[in-house]
Structures are given as structure tokens and as C-alpha cells.
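By written order: A, B and C. Residues from 1 in each chain.
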Amino acid sequence: MSAPLLEVGALEMAFGGVRAVDGASFAVAAGQVHGLIGPNGAGKTTVINLVSGLLAPTAGAIALEGRPLHGLPPHRIAARGVARTFQSIRLFPDLSARDNVLVGQHLRRRPSLAARLLMLPASRAEERQASARADALLERVGLAGRIHQKARHLSYGEQRRVEIARALASEPHLLLLDEPTAGMNPVEVQEVAALIRQVAADGRSVLLVEHNVRLVMDVCDTITVLNFGRVIADGKPAAVAVDPAVITAYLGAPA
Amino acid sequence: MEWLLEEYATYQSTVAYIGLNGLLALSVYTTLSCGQLALGNAGFAAIGAYAAALLTMNAHAPFAVALLAAAALPALVAVPLGLPVLRLKGIFLAIATIGFGEVVRIGLVNWEYVNGAQGLVAIPQKASVGLIWILLGVALLLLWRLRGSKWGFALEAIRQDEPAARTLGIDTTRYKLAMLMVGAALAGLAGGLEAHFTFMVAPNGFAFTRVVDMLVFAVVGGVAAVWGPILGAAFLTLLPEVLREVSPHLGIEPGPLRLLVNGLILLAVILFLPQGLVSLPRWWQERRGARRPA
Amino acid sequence: MLQQVINGVFLGSIYALFALGYTLVFGVLDILNLAHAAVFMLASFAALALVGHGVHILAAFPLAVLAAGLIGVLLERVAFRPLRARADSNISGLISSLAMATIFEALALLAWGPNVSRFPFGTIPDTQFRLGGAVISRLQLTIIGVAVALFLALSWLVTRTRLGREVRAVAESPRAARVLGVDVDRVIAWSFLISSALGGAAGVLYSLAFNAIQPDMGRGVELKGLAVIILGGMGSMPGAVVAGFALGLTEVFVVANLGASWRDAVSFAGLFLILLLRPRGLFGAAALREA
């Protein structure tokens, strides 16, 4: 069993007196899809914010490939190979789908400033390549026909898929998906599920926060269940599904 | 032909000022393009103006060196000004730069070496209309090239959603600082050029109303396109000329009238046409129902 | 020494009043009202105009303050409310308030000209009292008294009235407040009224203290107000009061020991120092980064 890609240890996030995350620990192995589920308010998005660096933990540790990740600013965490989507969708509203994905390539592009300012051909070539890569990603998420649409004019489901494409553009080791299928119809959900399996097959790890339990059971190799900021179950989908603590958390006291 | 030359001479000053104001407008545009409001550019212009004037007058430096200093010095000053506040919410930059502009102005008023409030006179006239417009053209070109590039996209991303941009690997503080420095350099350059065009500089030429002017140029013209601020500068440099003709008929002083009109135009634009004049064609298009079905 | 303390407290009370206006609007709307100093100026002119028409200063003061409050309501309606829904409401709000400030200043210039105007002789009492080894004028005493009365009134308003509770709720979270049934638009309008009234009061008191009124008088005070709210913590009312007095006292001591030309340097230095060392100020909330 290889060393985990992502390790979260005794993670704590306190806002004043409230502990949104209260001593959570779990690990995600390389090339695996790891689900993070739990009732509303369980702290799932807070965990994503902590791993991606938008929040700094009040206690505990986060490590990527063995090296500490917590405390680093978001752009350095991204540079270490972490990309994310947002629960509330945060595309750049006035940029086209393609341009949004282009921004996602920021870390992977190394054009020369001089070439660009002097309008040298090398600059045009690099831009063509970057656009081609962006278009390929959009095609992969099924949006080949919407490349030039401004993000604000896309449908909800389309926006979520552009966000995934944008996150993939940096070729991350770890992809954090925060409710990527919220508001999608069943066909779209299946497409996203297939996409997630593909991404894992590419060797990337996925940390998937979701409310769609069927999707999670389908696609995840392992699952961590949170409630009130604490881990109440952790393991393979089949085991977690019948765990009494999980059932209680979702449905109240057992019948 | 003679008539044309005569007309040109009369309006030379106006044309020069459109160019200078264009540079100043661009200096505010650079930070606006990444969503930041920097209000200290009159201070940067003052530093550039005085530095250049002192170099040509007291050190007999070549004009090119003076202009270089006029651009470089403010850019360097922008670093300790920007670094502490660019990590914080945007409001802190606004406040710090307001403070900075005042510090520079008051510092100059109290500095005897440069004659305090009276300022410097008899600065050699080395800046021509042509030079101003050439430098403006270069600045425009460079900023235009920046726009569709990787860095231009990063700036646009910072403007539209800074935290999201950070999660994509963009070091937003560094970009914002870079734009602050570029803006400072442009303002300083404009200051240095102006000093050598009008032969004099004085602290009250760099009061806060100057910054509001620059803001009006940039916002009215629009920051959606690089030439927007120039358009705004042209429009609002010519406007006072028009107002000067009109004000006697209204029985109003031209100075306050210009101020009033500036304020009204800025308010109208920010409320009703926030993307500025350059966005008119697109705004018109969208209003006519150009939205394609999803 | 006592004299300096008296002068410092007197000056500080005006700064504190002015800064309270800034901080109130910032606390509620998360926005800086850059037209606040212009309202400060307009209220002074209003008082001047009223006195010029024979109104006694004791009546002119509350009238001018009321006028300032109403200008504040107008300001909110015209320059801030239409922008609230926008994504970049912070920047556009700053810009529109700057526009309003410019318009106000232009109107004042058109109405009263650029030169210094003064209250007619006899408006301001010039009796003085001895206190220890120092002198305190009746005017200074009155100004400090009025300022303190306003602080207490504001404090009572914020902690003991329903409006005050609603203001605090909106400051905490407009969305939550709306869900709880608070008329957010009304609360914001009231906040601007109170904020501008405070700024106007500071303006009238300042113009009585220094007897020099001109359209650009807001400029100098604006910066001090900004320094005070940064020092006190943006959005913190106690902070504005404490920092206002601190600035007043520091300025007086610096002038006494280093000379008058250093006066403004105090607020600038203070401003930049705080930004460097502790941006949240004395009592400010810690959320300083963009979310």
C-alpha cells in the first residue's frame, strides 16, 4: 500500500466558539477517488477550504506527498498540484468558457513576456497551443460547442462542467470537487461520474464532497463521513453504507 | 496650410494635455484592471515631476535620464507603499494611497529646497507634444499586448474573483504590486513630461482633485479596452475648453463648473454605464437582444 | 501640560465625532463613504448661512446637523443603493462617493467661493475659565460637552433601541437580518442619516473652534478621520472614540514639542505605522483578507 497522497491529521477549524471542523483525520491515496459526505453543516466545505488554503486551520496538519500543506497561501498550494471547484460556482463571469479554462492553465504556461510584448511569432504559437489545450478540456467535459460563450450565459450544469475543466487545466495531483453535480439532471450526473473515474484512471486523486449518495457509492474507492466536524466513519462504500453511526447521523435514531 | 499651422499652435497645449492626461488615466487604469483602487497617483506624478526637474535643472542631466528617473523613482516608492496593504482588503489600499498622496504634497510644501508652496520655475522646455504622444503610444502598445496574454488573463481573473484566482495558482499580491508599480511609473513619467512642457511645478498642482480627474478619465472612458482611458482623457480635456466658452453665459466660474461637471459625469457613468464609453457598442448590442439561446 | 491635555481632548472630541460617522457606515455596509468630509463641510456652511440669517447659533447647530443627516440620506439613495447589488460594489461605491464629494465641493464653491468665510463677530462666546494652571474656553467646554453627549446618545441608540439592534444585525449579516424581518433598506438609510449627522456635527463644531470655513476644509480632516478609523479598527465605534482622542492628544503634544508644521505628519505616520504593524487597529475585527 503506497504512501497516501493527502493526509489530514486532527484537523481543527474554529470560528470564535464554533468548531466547524473538530479533530478530523483521513487520508486519500494516489489515483483514488475519496468521498467526503455528511449532513448539512458537517464541515465538508470547510475541509475543502482548509486543504485549498482559503482558510488556515486553527489546529492540526495537512500534508501532500508527505510535505506540509497547511499554512501555505492558496497559490502555493495550487502550485503543489491541488485544484478545486466551488460549491457556489466561481467562474469568472465575464470571461468565456475557453478563457476561464485558460486562466486555469496559469501554472502550466511559461510564455516569454518579451516575445509577447514584441509580437514575436513564438508568442502566437504558445497561445494557439494553450487555446487548443483549453478547447480539448472543454470537449472532454462535453462543452465543445460552448467554447466562446461567456460564463454568465451558460446553464448551471454547463458552468459546473467548465469549472471542472478549469480545475483540470493545471494538471493537478489532487482534485477537490465541492458538490460538482448539485443542480444537474441524471444524465449530466452520469457524465460527471464517468469523468471522475477517468480522472482517477489518469493517476490523479479526487476528494469528492457530494450530497448525491448514489454517485458517491458508485464512484468512490473510499469514503469519510463527517458530522459536526468530526469523522464518524471511514472506509469502503459498502461498509460505510451500513454503519449505524452513519445511518443515525442522516436519519436520526435507528428505527 | 498656414491657417492649419496657426490652429495647431493654438491647440498645441490642448493636444499635449490630452496626451499627458492619457498617461495619467492609464496610470489609474493599470490598478483598476486588476480590481484595485489606487488613489495616490498625484503623489507619484509629483515625485516624477520634481525628480525630473531637479535632475535637468540642478544636475544638468540629459533629458532621457531625467525621464527615466521620473518613471523609476515612483515605481520604487510604490513597493513599500503597496506591500503592506495589498495583502489586505482593497479598502486599505485606497486609504493608504489617499494618505500617500497627501504626504507627498504636504512634504513638498514644507521642503525649502524646492521652494515649498511656490515650487520650481524656469524648467527647460524639453518635452514636445510629439514626444508626449510617442511615449503615450508606447505605453498603450505595451498595455494592449498585456491584455490577451497569460498575465492579462491573470489580472482579469483577479479583478473578477480574487480568491478563485488564488486557488488557480495566481500570486495575486505580486500581480497587484506589479500593476501599482507600473501605474506609478506612468504617473511619474507624465509628471516629468508635464514639468518640462509647462516650465514649472508646484505642490498644489498635485492636489487630490488631480487624482479624481484621473479616475474620471479612466472610468468614463472605460477600462474594458486599453484605449478607453485615452478616450476619457480626450473627452474630459476638451470639455473644460467647451465649458470655458459657456460659463460666462451662465454666470459661473469655469473652475467650479468644471469640477461640478466632472463629478456629475463620473456619477452618471458609474451608475448607468459602469464599463465606460468604450462599452457603448457592446451595451447597445446586448440591449437589442443579442443573447443567444442556451 | 494640563493645557495641552485640554487642547488635545477638545481636538480629539471633534476627530472622534467625525470618525464615528465613517465607522458607522463602514460597519453596516462594509464601504467607505468618501463623501463624508464633504458633508462635514456642507454642514459648516449651513450653520454659517443660518447664523447669517439671524438664527442663533444654538438653534443653527441642530438645524445644520439635521440638514447633514438628510444629505446623508440623499447620498445613500443616489450614490450607494443603486450599486449594492453589483459584484464590485466596493470599488464602485468608493468611486460614486468620490463623485458626490466632488459635486458637493463644486456646489459649495459656486455658492460661497473659494475663500475663507467666518462666522459673524459675536457668534462665538469668548469667555474663558481657569482650571488648575490652564485655561479652557467656554467654547472648548461646550464642544467637548456636545461631543460627549452625542457619544452617549449614539451608545444608547445602538444598545438600547430597536433601531440599534437592527443596525447591529445588518452590520453582522444583511442577509440574515433580512430573513429575520429587518427592513434592511430602512436601516441603511438610518445609518447614513446618523453617520452624516455626526459628521455634520463635527463640522459645525470644528468651524466654531477654528472659525474658518471653506469648500476644501474637508480635505485635511478626511485624512485624520481615516487615520482614526484605521487606528481604532474599521467598524468599531469605541475604537473611533478612543483613537479620536488619542490622535487629538498626540497632535497637540507633537505641535507643542516639534512645531506646527509637524501636525499633519502625526496622522500620516500613525496611519502607515498601524497599516504596517496591526492593520486591524485597536478594536477591529480580524477579517482583513478578501474572503
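FYI, a residue touches a chain if its C-beta (ideal position, glycine included) is under 8 Å from a C-beta of that chain, and two chains touch if they have at least 3 such contacts.
If you're wondering where the values come from, they're calculated on a predicted model, not measured in any experiment.
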>> Can you tell me which chain is nearest the middle of the complex, judged by mean CA position?
In response: B
> What is the chain whose Cα centroid lies farthest from the Cα centroid of chain C?
Replying inline: A
> Roughly how far is chain A from chain B, going centre to centre by Cα mean, in whole Å?
Replying inline: 41
> For chain A and chain C, what's the span in angstrom between their mean Cα positions?
Replying inline: 47
> How many angstrom lie between the CA centroids of chain B and chain C, rounded to a whole number?
Replying inline: 30
> Residues of chain B touching 2+ other chains?
Replying inline: 160, 163
>> Give me the residue numbers in chain A that touch at least two other chains, ranges are fine.
In response: 54, 93
> In chain C, which residues are in touch with two or more of the other chains?
Replying inline: 87, 291
> What residues on chain C touch chain B, complex-wise?
Replying inline: 31-32, 78-79, 82-83, 86-88, 90-92, 94-96, 98-103, 105-107, 109-110, 219, 222-223, 226-227, 230, 234, 261, 264-265, 268, 271-272, 275-276, 279, 288-291
>> Looking at the complex, which residues from chain B come into contact with chain C?
In response: 32, 35, 37, 84-85, 87-92, 94-96, 98-99, 102-103, 106, 110, 159-160, 162-163, 208-209, 212, 215, 219, 252-253, 255-257, 259-260, 262-264, 266-267, 270-271, 274
> Taking the complex as given, what residues does chain A use to touch chain B?
Replying inline: 52-54, 73-75, 77-79, 83-84, 86, 90-95, 99, 102-107, 109, 111, 113, 116-117, 119, 123, 127, 130, 149, 153-155, 158, 166, 170
>> Give the list of chain B residues in touch with chain A in this complex.
In response: 142, 145-146, 148-151, 153-154, 156-157, 160-161, 163-172, 291-292, 294
